[in-house]
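One chain, chain A, appears in both complexes that follow, with chain B as partner in the first and chain C in the second.
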Partner chain A sequence: MTAAKAKIVIGCTIILAIVLTAIFAPLVAPHDPYQQQVILRLKPPFWMTGGSLRFPLGTDSYGRDILSRLIFGSRLSILVGVASVVLSMLIGTTAGVLAGYVGGKTEEVIMRTVDAQTAFPDVLLAILFVAALGGSFLNLIVVLGISGWMVYARIMFGLTRSLRERPFVEAAVSFGGRSGYIMLRHILPQLVPVLTVVATLQVGQMILQEAALSFLGLGVPPPAATWGNILAEGRDRLFLAPWIANSAGIAIVVLVLTINIFGNGLREWLDPKS
Partner chain B sequence: MTSARANIAEGQPADDRLLSVRDLKVTFLSRHGTAPAVKGVDFDLARGTVLAVVGESGCGKSATAMSLMHLLPRRSARIEGRMLLRGRDIGALPEREMNDVRGKQMAMIFQEPMTSLNPLLTIGYQLREPMRYHLGLGREATQRRAIELLEMVGIPAAEQIMRGYPHQLSGGMRQRVMIAIALSCDPDLLIADEPTTALDVTIQSQIIELLRQIQRRTGMSVIIITHDLGVVSEFADEVIVMYAGRIVESGSVDEVLEGPRHPYTRGLLASIPDIDDEGERLQTIPGNVPNPLSRISGCSFHPRCVRKTEQCEQAVPDLTAIDATSLRQVACFHPYLPAREL
Partner chain C sequence: MLGYLWRRLRYLPVSLLLVLFVTFSVLRLTGNPVDIYLDMNRTPEQVEALTQKLHLDQPLIVQFGIYLRDVLKGDFGESLQFGVPALEVVLDRLGNTLELVAVALGLAVILGIAGGAVAALRRDRLADIVISFLAVLGQSMPSFWLGILLIQLFALRLGWLPTSGQGGLSHIVLPALTLAAYLIPNFILITRTGVIETSNEQFVVTARAKGIPPARVMLVHVLPNTLNPILSFLGLQLGKLIGGSIITESIFAWPGIGRLMVSSIFQRDIPVVIAAICIMCVAIVLANLLVDVALSMLDPRIREA
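Up next, the complex of A and B:
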């Protein structure tokens, strides 16, 4: 119990700090993330020789301040993470509850689609999408949202099936409740705790996915400041200027890890057995 | 009770029947094969009559009730036969139309009052929702009627209770709420599936007394499923004894309880502990209810029966009338003699 609370508090604090930084990026960032100063290119971070506190995390190959780019990049990462999770949660939960409650052919169609898409590589789907629609912020959300709904569908399907047999659901049916009413009023609210935990953990996953797609050049195209773009730009200079890729890498790891710690804490806290 | 009995003796005109079940069969489809849970059940229920269905666990009592309400999962239960409610075959109704029957024409209360209410919704919401849906009542009307209903089922401080959640109530109180919900739309038929099994003994008799009072006042018909023969004698007018998916004996409560003709009914009655028989060993029926997956030739009860003969092992006895003066029926080749002749 205390361990769960500690995880929630630690996770919440760090996430809140990152989210606040993202919201107030223009106030927090020391420089314009897009301002190129070729003279000041490839400056190392302040703790290395040749570095200065003017560019705390150094500059990239165009002389842009990496810290500022990271701060502005967090906006996109968080926004894409949350928005795609909301999208996939909506699709997946609707599909899962329908499949679990209605059963029969509906179940077969939905769950076999889940199986089929799970067998299909996400990145390939993303390439297809971006090739067809072009890389943009909105397309990224759609791609990630559509590639992630199966998790929710599977979990909600299983839970709905067991909930459907619960006495209070049977009782509600016996009093004449229509299917839509039963699903919305009696089944959905019971799913909220699990949904919260899964969605939280998925936000981390989606941020990771966004970074991966941007790294492959399938995300929001450069020069946009995104963590994946910074990572991709740093790839070419990995030996000469490792701080570029490292800074973005560490930012991604810290945010995803924190979200996971928070999500796990939430799961333990919501688990009636602990 | 006497009037109901007179009713039976005179025979009811067809239009007095609220419910007619003909050759109801329920078969559960499982991975291990098909399991017939109900194997052809016929019965009639007159308006204002209380019918008790008794038998051990696994006799098909609940399956019969659940199939009447369309509550069995369609993918794993096959239901055959006719179920006429006010002359309309509800067995064949599509779900959409069934929603208008459930709760309005017939309502059900369940065995587990602790889990039959949604823990996340207020008592008030759960009580008012069926009235809003079936009767189209507005907020004020449902509120007023909900308070009346709660008072009728003996719940004090109704307004306060309505704002509360199920976990704040005891099992007996929750069953009272369930009864209130079931009665909210004035159903013609109330099906009570072992409504007192999960409750304390003192609460049990209160709930049965409450059901009896309400039944008298409203004149609705009740099917009560129970294995408590005390409940049967206190509450019911007619009784059906089921064994392994078939009716083995039926008739008025007085006749059946006072002079059981079927060996199974007799065994059930003998299994009730008697407070005067101090120190005597409680009688039981040897053996268990057969697994529905296994096939037994002849009368399903013969492996446990004290009166079995070769005939019982080969043929299934039909449910036949045995008295010219009553609707008493028994399915046995060797029934006991009427009580007065014993």
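Up next, the complex of A and C:
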């Protein structure tokens, strides 16, 4: 088995396990993630003294089971990650293919917008949106989707421009194919492999962004169980209960690292040159 | 040199105009400005005053013109929580943020270049493997958790450094290190590649053949050639660095612009949020300019182009 295939298999297995856990969260989670039991607050994980297998990763300052909160939190992370990637991929690919195929003024306007927005930090954009609209599940997807489209636009622009010169596209043009048809049926299918790789890697980045925004208090507001919220709550309890922040931190790193490994494996497999 | 600077400076107003246009659009087009600026307990008088102040009864394009004029005069409105001009509140905190960013940059340059150079010199040996592994790990580590880990280790477990706040030199170490972590992994990898590539160049072989001590070859002949890609990377990452400073300041309760901005959102102090965003964008544009000028001074080829 090549290194690329090993990465894909390992990545895929872990991601599948996490996604299944997220889907079947109510069945898998040992407790209700929102149930507060103040008598059982700040219980340590089972391997520390005073911990028990009843709360495998311990409890937070309201006595809520951390493992269950992490499991339910993965739903939001994955949903926001995937949905915002789909949104930014739609915007970015449309813009990039248009700029690359049509060229001229269209290209100038689209690509200069890409340059301008790349210089503008996406956190600032997110803060602006949250200040205006408030933090919610849908707003997060929109904000992250809008802040991430430039990556796709830039890559798709370059690829489309080189595809436009290829004989099969010229043949389609000389047959009288309309621009929209050529872009959709001849150019887009060629872009799918690269799109898959970029989108996969971006899911990891978006999950990080979502966690960062929730950590700042700009995501879905508490008591919602999100990884960023758990980390932020844990930050205030570092001395008494470091396991709260650390369990969320490890969850984020594991998921993002796995997605990166899977994405890099995909890239090596689809493009043996790199 | 002056001609080059002028060519670059021309874009400055365009970038700033774009930022102002975006902030204006988001604020005026996402909902009723009255709802955004004022809370639930507003009085009709407050609504009336705000309508007057923001000229909400005028067409949007006129509103944008007035907004532009006010902002150019430095008038972002009054801070709702402090009762003084919003710009004043922000500029008050600017020094703290600049201090944090400057120390972080210094740390990143020293640790990144030293790490990369060591890794390149000990290529494929233990030191290289360890440093390269740490760099790759650092790339997938969310900075907000890294900051929390640093607090646990150095502040709570070892008790060497304070957990948060601002004070003496010891207060800035952990925040600066957390912020520097955005850059260090890439600085290491870029320097490592650069040093390995440059070491095979003829001028380096010549220098070594002349009997120049290895340390001097490294410092004078090899490392200056890696500055260019590092600076270019820094220019591309300035936005991320500013975003990172917002998170870092929040973790360590560092009284800079980022923390002010986040707390102002919760206080619904929109004028301060907007002023902070604009100041940060100006800072990014200016810093980008500085990077470009530094690049062109280091590398005559860029000036000519």
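The definition used in the following text is that the second predicted complex is superposed on the first by the 270 of 274 C-alpha atoms of A that agree within 3 Å, B and C clash if a C-alpha of one lies under 4 Å from a C-alpha of the other, contacts with A are read in each partner's own complex, and residues count from 1 in each chain.
Everything that follows uses one rule, which is that contacts are C-beta pairs under 8 Å (C-beta built on N, C-alpha and C of every residue); 3 or more make two chains touch, one makes a residue touch a chain.
No experiment lies behind these values; they were computed from the predicted model shown.
Peer 1: Based on the shared chain A superposition, would you classify chain B and chain C as clashing or fitting together?
Peer 2: These partners fit in the superposed model.
Peer 1: Angle at chain A between chain B and chain C: what is it in degrees to the nearest 10, using CA centres?
Peer 2: It works out to roughly 90 degrees.
Peer 1: Looking at the overlay, does A:Arg54 come into contact with chain B only (first), chain C only (second), both, or neither?
Peer 2: Neither chain B nor chain C is touched by A:Arg54.
Peer 1: Touch test for A:Leu218: chain B only (first), chain C only (second), both, or neither?
Peer 2: Second partner only.
Peer 1: In the superposed arrangement, does A:Gly249 touch chain B (first), chain C (second), both or neither?
Peer 2: Touch partner of A:Gly249: chain C, not chain B.
Peer 1: For chain A, which side has the bigger count of touched residues, chain B or chain C?
Peer 2: Of chain B and chain C, C contacts more residues of chain A.
Peer 1: Quick one: classify A:Leu231 as touching chain B (first), chain C (second), both or neither.
Peer 2: Touch status of A:Leu231: second partner only.
Peer 1: Scan A:Pro189 for contacts with chain B and chain C and give back first, second, both or neither.
Peer 2: first
Peer 1: After superposition on the shared chain, which partner residues are touched by A:Ala171: those of chain B (first), chain C (second), both, or neither?
Peer 2: first
Peer 1: In the superposed model, how near does chain B get to chain C, counting Cα atoms only, in Å?
Peer 2: Value for chain B versus chain C, nearest C-alpha atoms: 13 Å.
Peer 1: Taking the contacts chain A makes with chain B in one complex and with chain C in the other, which residues are shared?
Peer 2: Touching chain B in the first complex and chain C in the second, no residue of chain A appears in both lists.
Peer 1: Considering only the defined contacts, which chain A positions touch chain B in the complex?
Peer 2: Residues of chain A touching chain B: 103-104, 166-179, 181, 185-186, 189-190.
Peer 1: For a test of understanding, state which residues of chain B touch chain A in their complex under the given definition.
Peer 2: 69, 71, 73-75, 95-96, 99-104, 107-108, 110, 112, 115-121, 126, 129-130, 133-134, 178, 181-182, 185
Peer 1: Can you check the complex and tell me which residues of chain A touch chain C?
Peer 2: By the definition above, chain A touches chain C via 116, 118-125, 127-133, 204, 208, 211-212, 215-218, 228, 231, 234-235, 238-239, 242, 245-246, 248-249, 252-253, 256-257, 260.
Peer 1: Which residues, counting only chain C, touch chain A once they are in their complex?
Peer 2: Contact set of chain C toward chain A: 15, 18-19, 22-23, 26-27, 30-31, 36, 140-145, 148-149, 151-152, 156, 163, 238-240, 242-243, 246-247, 250-251, 261-262, 265-266, 270, 273, 277, 280-281, 284-285, 288.
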